[in-house]
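Quick heads-up: structures coming right below.
One chain, chain A, links the two complexes that follow: it is found with chain B in the first and with chain C in the second.
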Partner chain A sequence: MTKMKLITITLAVALAMPIVAAAQTTASGTLTVNATVQSSISLVFNSDAAGVVLGGAGTNAATMNLGTISAYGPLSAGVGRSVTAGTSFTVTSPFDVQVDKSNITSSNYTLTAQLNAADATNTWAISGSGVTNASATTLTATGAYGSSTQYTLGLTVPLTSGAGAISNIVNFAATAN
Partner chain B sequence: MQATKHNSLTKPRQERHGWHGCPQIENEKKIRPWESVGIGGVSWLMAVAAMLLLAGSAHAQLNASGTLNATLINKSGISIVFNSDASGVALSGSGTAAAGLNFGTVSMYGTAPAGVTVTRAAGSFTVSSPFDVFVDIGGTASPSYRLQANLAAVPGVYSYQIDAVPLSTALTTVVAADPNYRTNVLHTMYLTIPASAPAGAVSNTVQFTVTAN
Partner chain C sequence: MHGRIRSWLVVAVLAGLLPAAAQTTPPAGKAKQPIRGKASAAALWVNFVPVPKGAPVRSIAGQGTLDLGRISYTAGSTQDGVTITQGPRTFTVRTRFGLQVGSPDNVGTAKLLGVLNGINPAIRVTVDGVRLTPSPEVIQMALKFGAVSEHRLEIEVPVTMYEAAAQVVNAISFQVIAN
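Up next is the complex of A and B:
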């Protein structure tokens, strides 16, 4: 009988312990947050106050529409022109390039440009540097981060070429130094 | 055949079984069955009776009854677990009280991982992801719970925030009275990374405390 009482007490205590341990009005949990930060830089095109308004300004895929151009006729706002008598005329328009950096120890960047497709008739240039599809042209090797830098697109059209649409894409690449 | 049968019937009586019917034996002391087999002076009948008693005793133990007086103290209990939200990153340890939220590889200008939203600002960017908090309770009629959180480690140049509540190593109330027991409640974890911070791993642990109101 004494043994039975002992077993009874033991069982009672064993059953009561988990209930007491579980009794609580506060609970806790942990959420571990992880991330891996990667270095990155960005390039965007901005409209220049003196140039044509870019389509997609503020992005890295903008468009510049020079409108209807001619050697002697009127031009759209923001478009400049120079004529080489008897040879060609060149239309120009400034635009801005801004390169930003994040989570990287880089003091400056290199900016290059390259035509997407060959143009056997017309001549393309960025701020006086010829741009073709053959290779990338370096526009600057010491570009400053965080501010808009003005560049000028130049398109030279021979006077002998036929009238019609001209289109090409200039691929820009900024590389952190 | 007949002779064999006769011979069998004419065997000496002392060789036949039984204790009566034979004049020679009837004159001898009659031996009773319970007297013919003795084991240490105890008849086999008594031995059988003892075995029956023992068997009865064993049978009684299988049917023994007792009373267990257990006193259960019914106190309230509350629990918290984290669940992945359908629109956020999948939590490791989802469904437990010790989960992990990995934003993955993030950058200011790169493509955000699935379930992660990147918000850029001047000089920093913020990654965010929703997650669910599930609080259960029993043994009490609590109308709501208070959700608090704090960072386990000093965050340095990084900023952590749950919903609109910035976190620090001090316990901070995220929600003072949330009545939504037993349901997933969406919260959003924000991590702001300065552009000047170096590339590499970022880690901290958010400790949650939920208290029944």
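Up next is the complex of A and C:
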């Protein structure tokens, strides 16, 4: 009688096992993700508290509107002026440049500036360094990442030049060292 | 008496084998299912498929490859269907992919789990908002058999991680369990 019970239990277990296995039906798949991370640096212009409010501040394509400038007349807020008697006047306005890095071992950067188009009449400068379209001018060779650095745009206009609009583009380039 | 016991055992063994045989035999009149993924009872399969606005996906037999191309903090991605979002200390790569779970009769649902295999722990990988780890994590509770479900993949890369260390060549293993 005991043996018969054992056989019955064995049979019950044998019948139940496939049901348990079927309830746990599984499948698997593997998705391989391929991506190549490239190092990069970014440059943005920010308005300086003492300067003209930039258009497109926080981007790498900003505009600085100095308004109406003259040797002796009123100037817009954020615009400074010095006059060299009998020769020229220079207007200035500070702005900030911030360079950030990503996925790179570089410890600092070199920043250069270059005029987009030649200006035979006026003289352009960034923080005292002359800027032309002939070649790039190095503003710093040890720029620090992650912080705003103040630069000042200077535009010198001869007193002998006629009235009219002045416009140009200054191209900045940051290169990781 | 020994003869009777042997007879019962034969019956028991046959009773155990029959349901298993029924599971592995395709239904009469139906084409045999292609082998796509590793299925424990040869009943379910997993396939990866591309979706609109998603990165290119190649898939053979449950082994898929998702190509995100070249990615960078400033330049974004070179691959269609991949977007980059810049954060203060990280950038996040986003894309979508499709997953199809099938069964012989395509009736019912399955639970979806994901596991991350061999990745720098500083890189966060989420699928449908669920952060993946080396342990299985439940991503979806009920995927309909036969239907293509669309999923969001997000990979967050720290900007402080150097180029070589930040390479993302990882495998995400998905497991589906019939509900």
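Here, the second predicted complex is superposed on the first by the 152 of 177 C-alpha atoms of A that agree within 3 Å, B and C clash if a C-alpha of one lies under 4 Å from a C-alpha of the other, contacts with A are read in each partner's own complex, and residues count from 1 in each chain.
The definition used in the following text is that a residue touches a chain if its C-beta (ideal position, glycine included) is under 8 Å from a C-beta of that chain, and two chains touch if they have at least 3 such contacts.
All values reported here derive from a predicted model rather than from experimental measurement.
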Next item on the list: Pick one for A:Asn103: touches chain B only (first), chain C only (second), both, or neither.
Entry: both
Next item on the list: Answer with first, second, both or neither: which of chain B and chain C does A:Ala50 touch in the superposed model?
Entry: neither
Note to self: Quick check on the superposed pair: does A:Thr30 touch chain B, chain C, both, or neither? Answer first, second, both or neither.
What the structure shows: both
Notebook entry, point to check: Once the shared chain is lined up, is A:Ala118 touching chain B (first), chain C (second), both, or neither of them?
Noted result: neither
Notebook entry, point to check: Of the two partner chains, chain B (first) and chain C (second), which one does A:Ala77 touch, if any: first, second, both, or neither?
Noted result: neither
Next item on the list: Considering only touches as defined above, state whether A:Ala141 meets chain B (first), chain C (second), both or neither.
Entry: neither
Notebook entry, point to check: Which chain A residues lie in the overlap of the chain B contact set and the chain C contact set?
Noted result: 11, 15, 19, 22-42, 100-105
Checklist line | Residues on chain A engaged by chain C in the complex (per definition of touch) | finding: 3, 7, 10-11, 14-15, 17-19, 21-42, 100-105
Next item on the list: Mind listing the chain C positions that touch chain A in their complex?
Entry: 1, 5, 8-9, 11-13, 15-16, 18-20, 23, 36-41, 43-48, 57, 59, 62-75, 91, 93, 97, 99, 101, 103, 110, 117, 125, 153, 155, 157, 159-163, 166-178
Item checked: chain A residues touching chain B - in the complex, by the definition given at the top -> 4, 8, 11-12, 15-16, 19-20, 22-42, 100-105
Margin query: So in the complex, the part of chain B that touches chain A is made up of which residues?
Written below: 66-82, 91, 96-110, 125, 127, 131, 135, 139-140, 142, 152, 160, 189, 191, 193, 195-212
